[in-house]
C-alpha cells in the first residue's frame, strides 16, 4: 500500500534526521509538496529501510556522496545531524570527509568540514 | 621519515587493492612516477592508515565518493576489488550504490553497478 | 497498490524507451534487480506519469540533464532513442544540446552530440 | 555584422530575462565587460535566436541544465524569472526540477526548488 | 564581419590543434554543423585571439579545466596535442595534471594522465 | 624528514596565500587539525615546491581548476589573492576565467568573476 511506504519512510526519516528532516519536508509544502512525499516514500521508505546495510553505514555513504558532489551544504547539515543521531561520532564524521580527499580533493572536503563545524558547535560538541 | 610513509602506504595499498593497485602504480612509471608515489604516500600512507575508521568503512566511503563524482570507472574497478578484498560482500557493494541514488540519481548508480557486474563476473561471484 | 506503480511505470517505460529501456532492466537482474524495480516504479511510475508536463517536454528536460552532468553516454543513448520515440525530431535533439552550450560548455555538448550521431545512424536518420 | 549579433542578442535577453538579465550585464562592467558582451552576442544572439526550438522550450532546457550542474543559484534566479516571462507557469517550473530527480538526485532538485520558492514569493505567485 | 570571426578562429584552431581540431569540426558536418561553426567563431575566434594571455597560458588553463570537470577524454586528446603544438613540453603537461590533484583528487588526474600517455606514445615522446 | 615537508609547505603557503591561507589552517584547528597539516605538507610541501612549473603557472592552473568544478567560492577567494600575490594581474585573472567559458560555460565563469570582483575591491584594484 502507498500508505505504508509513506509511514515507513516517515518513521525512518524521524529516526535519522529528527526535527531537521521534518523542516525540509514542511518547507516544500507550498511549492512542491510531492517532492517531500518522494523523499519520504522513495529515499527513506524504499531505500533506507533495506536490510543490506545498517543506518550508520548508510549515513557514512550519504555523507561521502554529499561531500563529493559539492554544492550540498543544506543537505550536509541535515545528514551530519543525522549521522550524529544514529551514533556516528564527531571525530568519525570529520574522518569521513578526510577519507574523501584523495578522490575529490581539498575544496569539497573543506566545504563539508565547515558545515560539520557549524553543526558540532550548535550541538556543543566542540 | 619519508621512507616510512612510502612503506606504510605500500603495505596498505597491497592490503586493500592487491595486484590491481600495483598495476596502476606501474602504469605511471614512464609518464608520471611521482603521481604513483603520491598515491602511495599520501592516500594510502597518510590517510588509509589513520585509526579513526577501519578499512571496511574507508572502502564504503571511497566507493560512494567514486560513484558520486562519475567518470571514475577505472578507479571503481580498483576499489570494488579492494572492497571485496577487505571483506565487504558483493551484495553490500551493490547496496552502497543503491544508497547513493537519492543523492546522485540513477545514471551514476547504473554506471557504478555496471563496473561491479564486470568485477563480480571476473571473480565468479555472480 | 505497489503493483500499480510498477505496472504504470512499465507501461510508461515501454512508451518512452521501448526495447532499449527493457534491456537496461534485464541487465540488472543478476546483480541489483531492485535497482531496475526502482527505475520502473519511481522514475517512470511516480514521475513520468505526472500530468504537469507531457512526455516530449520530459524528454527535453532529461536530455538536457544527462548532457549537463556528463559521463552519461549509456543513459543518453536510451533517452535519445526515447526522445525520437515520443516525436522529438533529430534536428530538435541536436538543438537541445546546442542550447546547453552556454551553461555547460562545448565538451559536454560534443559528447552528447557524438552519442546522438550514433543513434541517428542506427535509425538511418542521417 | 558584429553590431547585429549584439543587437539581436540584447533584444532576446530583454525578452527573456528583462531587468534581471540587464543587471547581470551591468555588474560585469567594471571587471570583465567582454564577458557581458559574450553572453549577449553568443548565448542570446547566436543561440537563443535559432528557430529550431521556441523560447519556452529553451528555458525548459536551461532550467534543467542549471539545476543539474549545481552551484548555479544566481543563474537559476535569472532563468526562473525568464521562464515565467516567456509563459512557463510556476507549477511547470517546479515540475521541471522534479523531472530531474531521477537523473541528478534530490539535493540538486531541492536547491533549485529553494530558489524557485524565493522567486515565486517575490512575484507573489505563492 | 561574421566572415572575419570565422577566419580568425579557423587560423587559431589550426595553430593550436592542427589536423586533430579539423577532424572534430568535420565530424560535426552531418549532424550539427553550426556547433563546429560556434567552436571556431566563439571559442577560437573570440576568445583564443584575445591578447591578455598567450597561447601557452591558454592551453595550461584549458588542460586544467578539462581535467577538472572529468568525462572529457576526447577533448583532452585534442588539447594535449594542442599544448604540445604551442610549445608546452610533455613533462609540463604531466605537471599540469599533478597540480590539479589537491583541487580535484587523484581520479580526475589519473584519467587525464592516461590520455596524455596515449598521446605521448603516438608522438613518440615516451 | 616529516618536519621539512611541513616547513617547506608552510613557507610556500605563506609565499602564495599569505595571511588568508593561514586563516584557513587556523579555522581547522578545533575540528580537523590534520586536514590543515595535509594541505601544508601535501599540497604546498609536495606539489607547489616542484620545479617543473613556476608559481604563476601553478596559480593559473589552480584558478582554472577551482572555477571549473564550481562550488569553490571560499577557495577561489584564497587563490585569487594568491594569484595577485605571485604577480598575476587583475586583468589576467579575469582572463583566466574567460578562457574557461568554452569548456565549462558561463555560470561557472560568472561565479568565479563575482569572487574576483570582491577581492579586487578589497585590494582597491577596481
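Note that the chains take the letters A, B, C, D, E and F in the order they are written out, and that residue 1 is the start of every chain.
Basically, a residue touches a chain if its C-beta (ideal position, glycine included) is under 8 Å from a C-beta of that chain, and two chains touch if they have at least 3 such contacts.
As the structure is a computational prediction, the values presented were derived from the model and not from experiment.
Asker: Identify the chains adjacent to both subunit A and subunit F in the sense defined at the top.
Answerer: Where subunit A and subunit F share a partner, that partner set is B, C, D, E.
Asker: Count of steps on the shortest touching-chain route from subunit A to subunit D?
Answerer: 1
Asker: Between 0 and 180 degrees, and as a multiple of 5, what angle does the rotation take that fits subunit B onto subunit F by Cα atoms?
Answerer: An angle of 180 degrees brings one copy onto the other.
Asker: For copies subunit B and subunit C, work out whether under half or over half of the interface numbers are shared, and give different or same accordingly.
Answerer: Since fewer than half of the residue numbers are used by both chains, the interface counts as different.
Asker: Where the centres are mean C-alpha positions, what is the separation of subunit D from subunit F, in Å?
Answerer: Whole-Å distance between the two chain centres: 30.
Asker: Averaging only over C-alpha atoms, locate the centres of subunit A and subunit E and give their separation in whole Å.
Answerer: That gives a centre separation of 39 Å.
Asker: Return the distance between the CA-based centres of subunit C and subunit D, expressed in whole Å.
Answerer: 23
Asker: Return the residues of subunit C touching two or more other chains; collapse runs of consecutive numbers into ranges.
Answerer: 34, 38-39, 42-43, 47, 50, 66, 69-72, 75, 94, 98, 101-104, 106-107
Asker: If we count contacts the way the header does, which residues on subunit C are in touch with subunit E in the complex?
Answerer: 70-71, 94, 97-98, 101, 106-111, 113-114, 116-117, 120, 126
Asker: Could you list, by residue number, the parts of subunit E that touch subunit D in their complex?
Answerer: 1-2, 5, 34, 38, 42, 46-47, 50
Asker: Could you list, by residue number, the parts of subunit F that touch subunit A in their complex?
Answerer: 24, 27-28, 30-32, 34-35, 38-39, 43, 66, 69-72, 74-75
Asker: Which part of subunit F faces subunit C closely enough to touch in the complex?
Answerer: Residues in contact with subunit C: 101-107.
Asker: Hey, which residues of subunit D end up touching subunit C in the complex?
Answerer: 39, 42-43, 47, 50, 52-53, 57-58, 60-62, 64-69, 72, 75, 91-92, 94-96, 98-104
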